[in-house]
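In what follows, chain A forms one complex with chain B and a second complex with chain C.
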Partner chain A sequence: MSEQSQVEQLVRDLSDGRLDRRTFLQRAAAAGLALGTANALAGALGADSAFGSTRAAGVLRVRAVGDVQNMDPAFIPGSNEGAVLANVYEGLVAFKPGTYNLVPVLADKWQPSNDGLRYHFTLRKGVKFHGGYGEVTAADVKFSFERTAGLTSPAIESPYKSDWAALGEVRVTGRYSGTIILKNKFAPLLTNTLPGFDGYIVSRKAVSDLGDDFAHHPIGTGPYEFVSWTPGQKTVLRKFEGYGGSWQRHVKAPIWSGIEFVPISVSNAATIAIQSGAVDWGPIGPEAVNSFKSDSKFRVDARTTLNYSWIGMNIAHPNLKDVNVRRAIRAAIDVPSILAAAFDGKWSRARSLLAPGMPVGYWKQAPAYARDVNKAKSFLARSGVSGLELTMAASKTAVGGQTIAEIVQANLADIGIKVQVLVQDRSVFNQLGGDAQKNRQLFYELFTTPTPEPSFATEWFTCGQVNVWNWQSWCNRQFSTWDAQAMKTLDPEIRSEVAWPTAYFAGKKAIKPSLQPSGFYQTWDFRQT
Partner chain B sequence: MTVSVPPLPRRARLPGRGSLPVRVARNPAGLFGIFVVTGLLVLVAFAPQIAPYDPAHQDIVNRLQGPSANHLLGTDQLGRDLLSRLIFGVRIELQVAVPATLGALALGLLLGLAAGYLGGRADNALIVVMDAIQAFPAVILALTILALLGPSLRNVAIVLAVAFAPAYARVARALVLAVKQNPYIEAERSLGASSPRIVLAHIVPNILPPLLTLVAMNLPSAIGAEAGLSFLGLGVQPPTPSWGVILADGFEHVRDAPWAVIWTGLTLMATTLGFTFLGEALRDQLDPRLAGALH
Partner chain C sequence: MLQYLIKRIGMAFLVAVLLMVFLALLVHAVPGDPVNAILGQRSTPELVRTVREQMGLDKTVPAQVAQFVGHAFQGDLGHDFVSNLPVTNLIRNALPHTIALAVSSLALAILFGIPLGVLAATRPNGILDRLTGVVSISLITTPSYIAGLYLLLLFSLTVELFPAVGTGSFSHPIGYLQHLVLPAVALALGWIGYFARLVRTSMLEILNANYIRTAYAYGLRESVIVYRHALKNAIIPTVAVLGVGLGELMGGAVFVEVIFSRVGLGSLIVESIETRNYPVVQGCVLTVALLFVLANLLADLSYRFLDPRIRVEEST
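Entry: the complex of A and B
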């Protein structure tokens, strides 16, 4: 029986009452569909095929890692909103699920100019916004992009303004056609800005009508429309009956009559929720993978993301100013043990900032430092520092955070450094600048990188981010310059081999090793399951 | 004229024969309590000699192991020996529970004496304060104080002392009100004894035994509260092997390696039962009201 007919049979059984909802989901999963479907629906998580049948198959309940806060694409705080909005909004283009190949979505035609400064687009006709807000036009495209870029009047201050930094204007040439005009070449446009949430098209009328409420009542053109948000409990979407079908050129139609995103921040609680049937699908922690894999009722899909985590050191702190102290710490830390204990061996070690899945910039030959206690002691002796006491902070919600901190604590005790572990609420851990930055010493942090744009992973380590997200306080003008230049270079080969700052780490540019950033050398790419 | 003065009991008479431990041990529950509490005290005193491993020693290769000859209770997520962590954990538990309970006793006794002996406005004011503290959910109170002071052993003990003090104050007040009605107190007063003398020499010795039984019964509550706060990450900090920390660590792996949760749960249960049984047996022996010795 084909995949399609299996799903249709399952849907018929569900509709006729021969199957309960849970059994339906289990069988759909066994058919290799349901979890992939859910995954695709939560497209921001890095999805695969989403669709099996045009017939409704009940409500899919998805575990969200946290509650939504602001669902305005110009202000979304993170991936919790991203997963919801991936079903509500559409952009001109997007990545085909499972690939980083750009495909047109709301755009019918899409043509970049030879100089990379103009992108001509023609919209699909007849695509409707949710909530009766009418047809999508080029004026909505202009409004959406220029709004985030801060070019509308009155201007908004979007935190993602820099993603549109190169935008000159969007020139409307017809009801359904226009041109994106850039001030300069901007590589992230096609790797991050347009295919990501910066590229979502919002209804100008809805933004105007709803005002501040737009943040909690998204109006898009996607296959699902927003129904309600109950803070701390769930966000509800339902299938949009007037869906324009922009995605159906690339994937099958959605089968779920609705989707509910249930925020469950604690990994263990999420596992119990999935096991008990309170939710149907969701990301699970590495510690739960084996038990789900051994349970025939469930299927576990492992997907490598571009996310990365690392142990960082604030080199501005007096305790960590000496490069030999930092080298000692690096030599003392046992990364394989961390991977085994904190991630149950489910995550793999990354040797550089950019993950292997990144289309450009991955540094294959980056060194992996092995634990060497004698070397660590030698570095420490060279620094002349003794009786060193440090703090190491980890967020309570970071997967494996406390375990990592405890391993580091034990590792550094072996070379005579005493570490106090601080397991903090995310709100405390994430405090920026001021005393929080001044007091920060060692820390464990994770960054998510939803799009294959290297600068999205590197921009946080530039000089401009010191006292903001550059918790290492490491500022290298050359690195920052290269980072900025790389964004203006469109040739992937040049980006990868010449201009991209990873060349810096390869030592090709003869930068003094004493300037080597302290936080980059122990990273892991993220295998989220 | 001869004034007949009733005898002044220094302390309540104790019922039964034999020494107190012997009388407590005659009760099977009391015997169990003595066994558990003595065992815990031995572990506190000789933890380094008894524990097979350093409780902080990590052995990642042997993480999440079940019970074996090498690790009788298994290992945790960092390969640390669970038995050793539980043994050293006793120190932490008592390090918090004993000062917290004695602190609560001291504070409660002071306030109860003041309220009961002085009476009037002082009594009313103190009762309102105690009621207010008791009405406030203990966990929220603990979370608030720890958020202000920061998580540490000392701060957890302070939080628990504050949270438990009202119960002691109320009991102490009630006992003081009962004791101060006795003729010998009146007699002392008529003989010109000062208030401090009456309180210290006659009231405190009479109300202390019931309060001490309350201490024995409150210790497991303090241990449970400490474990709860540590479980929430508000108690002792890693790698200190508090039972709450061990429980929290084990909870993450409860499906694949339930040993940490099982052993810690059983240990907490046995400790709670031990202290409670001992407290009840002591109460049976010491509480003058139950024994009918308070005249």
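Entry: the complex of A and C
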């Protein structure tokens, strides 16, 4: 029996009551069916994952790391909302799940101009918004994009305004057609803005009718519609019966009658919740991976993200101005031990800013520095610095942050550098500029890069970001110029050539010993019943 | 009595006002910037400026304090910086669950702690007394989050008796109670031990009183002497502690709510402190503090009823 027919048989058995939900989940896994939740989850799990049949297969309960707070695409605070909204909203285009290939979703036709400044689109006809808000039209597209860009009246101040900074206007040419007109070339448009949540199409009428409540009552066109949000408890979606089927050109129809996102912030509690069957699916901490892997009732899928984390040094700080001091620190830090202790060996070592999964710019041959205490001591001796005392800050919320800081403390003690560990609240850790930057010395930081836009990984190291997010205070004009060029270069091959030297520079200058990119482990709850 | 009541309510009001001012000032004394925490990587100096204005953080501290106190008296605790929801809505959603947790924990503590204390006091230095001593001290020294994790492992994972996470809904009372059992037990354990020790000490003192010896001389049954005559007086110090206990339980609920992923003021406070979401922190802490004041007021008033000597002293 083919995989497809096995899945259909399973769904029939479930619908007819011959299988309970757990057995269904278990056998679906055995049949190779992934249970993602539309685009985002499906993307994390592989192509064609979230969809199987139009017949109901119960409610999927997903562990969320935190509760949603604001579900307006122009204001979403983070990934908790992102996972929910990926099921509720659709954009003109998106990445095909499991790939970084751009495919049309709400767009029926999609045609960029040769100069990369105009993008003509024609919408699929008859696609309906949830909640009876009518058909999607080009006017909704115009409103959605211009709203985030701050071009509507009254203008909103979206934190994602910069993603639409190049937008001149969206010109409506018909009920279903229009043109996105840019002021200048902007490569992230196709790698981040349009395929990401910046590109979600909202209903103009819903935004107007719901007012402030729109942030807590999203209205999209996706396969699932919003039902309710009980703060701290769950966010409930149900299958949208009037779904326009935009995704069905690329993946199968949704199988779940509903999805519940249950916020469980503590990693240990989430592990127990998955083991006990309180939730069916969700991310787990690195520490729980082995126990789930060794249990045949569960399936663990690992996905390497594009995120990266690193131990940084503020070279503007008097204690770290001397390059030999920095070299000594780099030579003294034991990165493999950090990976083993802080991430249970589940994260891999990164050698440059761009992760292997980045479509362009990954630097395969970048050097990795092994720990060498004698070399570190010799660098320190060359600097003439003795009795050095440093601080190392890590955010409380960073996975493994405190462990990393403590290992660095121990590593540097071996070469006579005393380190004071500062484990800080995010609001303290993230303070920008001023005294916060002046006092910053060593730190452990993580940047998330949800979309395959290389410049999003490199922009934090440019001269323009000094005193903002470039906590290293490292400014290299050539690096910054390359980075700016990469933003305006549309051809992937040329981008790769531009981005390669950026990666090279970042690695060669070795402003930090790197850890990253973070392997992100997710588990499925398929219990033997 | 009326005069005393007015005096106590007046004091409670004063405490509430001072508390509001203190809270409004405190959040500004704590290092950290809510704007950067909320904006994260998207934070730019221009955006920070705009958001700061929207949040009213560009005003002077005295102006912010005055605004908070003024609005609080009108029942307006401001808006959550992130979700833009009124803080009173968030509190209204979380408070009943925290009260349910605290009250049920207190009930469990009374239900098990008092009999344990009585049992120990009636057989001083015996095996039972020593055993309850060890158990009580062990319970007191076990943090609620450790107890919570063990309870989860045992009763949610191993025997699958209770749900591992969540709060349940008041509209489904059975389900709600099932969700409540483990967190309430985790929170109550320490207080069971504490009440047991408190009642034991109090009972030992009372059992040596003349009127108890007289009762024995009259040939009354031991159970009547212990439970009707001794416990009634020995319980008064415990009642005094109840007010503090309820407040402590409301505060202590933080860890339990986080471990069991329960909705409540505790988990709301923890999340908000992390992001320096001032209005939510202020609103929640104010609510907990006011409940603390209220619980103490009720405890004060209640032992005036339980102990006639206080009423007599006052009237003379």
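The definition used in the following text is that the second predicted complex is superposed on the first by the 463 of 529 C-alpha atoms of A that agree within 3 Å, B and C clash if a C-alpha of one lies under 4 Å from a C-alpha of the other, contacts with A are read in each partner's own complex, and residues count from 1 in each chain.
Here, a residue touches a chain if its C-beta (ideal position, glycine included) is under 8 Å from a C-beta of that chain, and two chains touch if they have at least 3 such contacts.
Predicted, not measured: the structure shown is a model, and the values here were computed from it.
Of the two partner chains, chain B is the only one touched by A:Gln409; chain C is not. By the touch criterion stated above, A:Lys396 is placed in contact with chain B and with chain C alike. In the superposition on chain A, contact is made by A:Asn70 with chain C only, not with chain B. Shared-chain residue A:Val468: touches chain C; no touch with chain B.
In the superposed model, A:Arg426 makes contact with chain C only, not with chain B. Greater residue coverage of chain A by touch, when chain B is weighed against chain C, goes to C.
Residue contacts after overlaying the shared chain place A:Asn268 against chain B and chain C alike. When the two structures are aligned on the shared chain, A:Gly126 is found in touch with neither chain B nor chain C. With both structures placed on the common chain, the touch criterion links A:Ala341 to chain B but leaves chain C unconnected. Residues common to the contacts of chain A with chain B and with chain C across the two structures: 268, 396. Those residues of chain A that touch chain B in the complex are listed here as 267-268, 271, 285, 287-288, 290-291, 334, 337, 340-341, 396, 402-403, 405-407, 409-410, 420-423. If you check the complex, the residues on chain B that touch chain A are 56, 58, 60-61, 63, 77-79, 233, 237-239, 251-256. Residues of chain C that touch chain A in their complex: 31-34, 36-45, 47-48, 50-51, 54, 80, 82-85, 90, 93-94, 149, 152-153, 156-157, 160, 163-167, 258-264, 267-268, 271, 273-276. Those residues of chain A that touch chain C in the shared complex are 66-67, 69-70, 77-78, 157, 159-162, 212, 215-216, 230-234, 262-266, 268-269, 272-273, 275-279, 396-397, 425-428, 430-433, 447-448, 460, 468-469.
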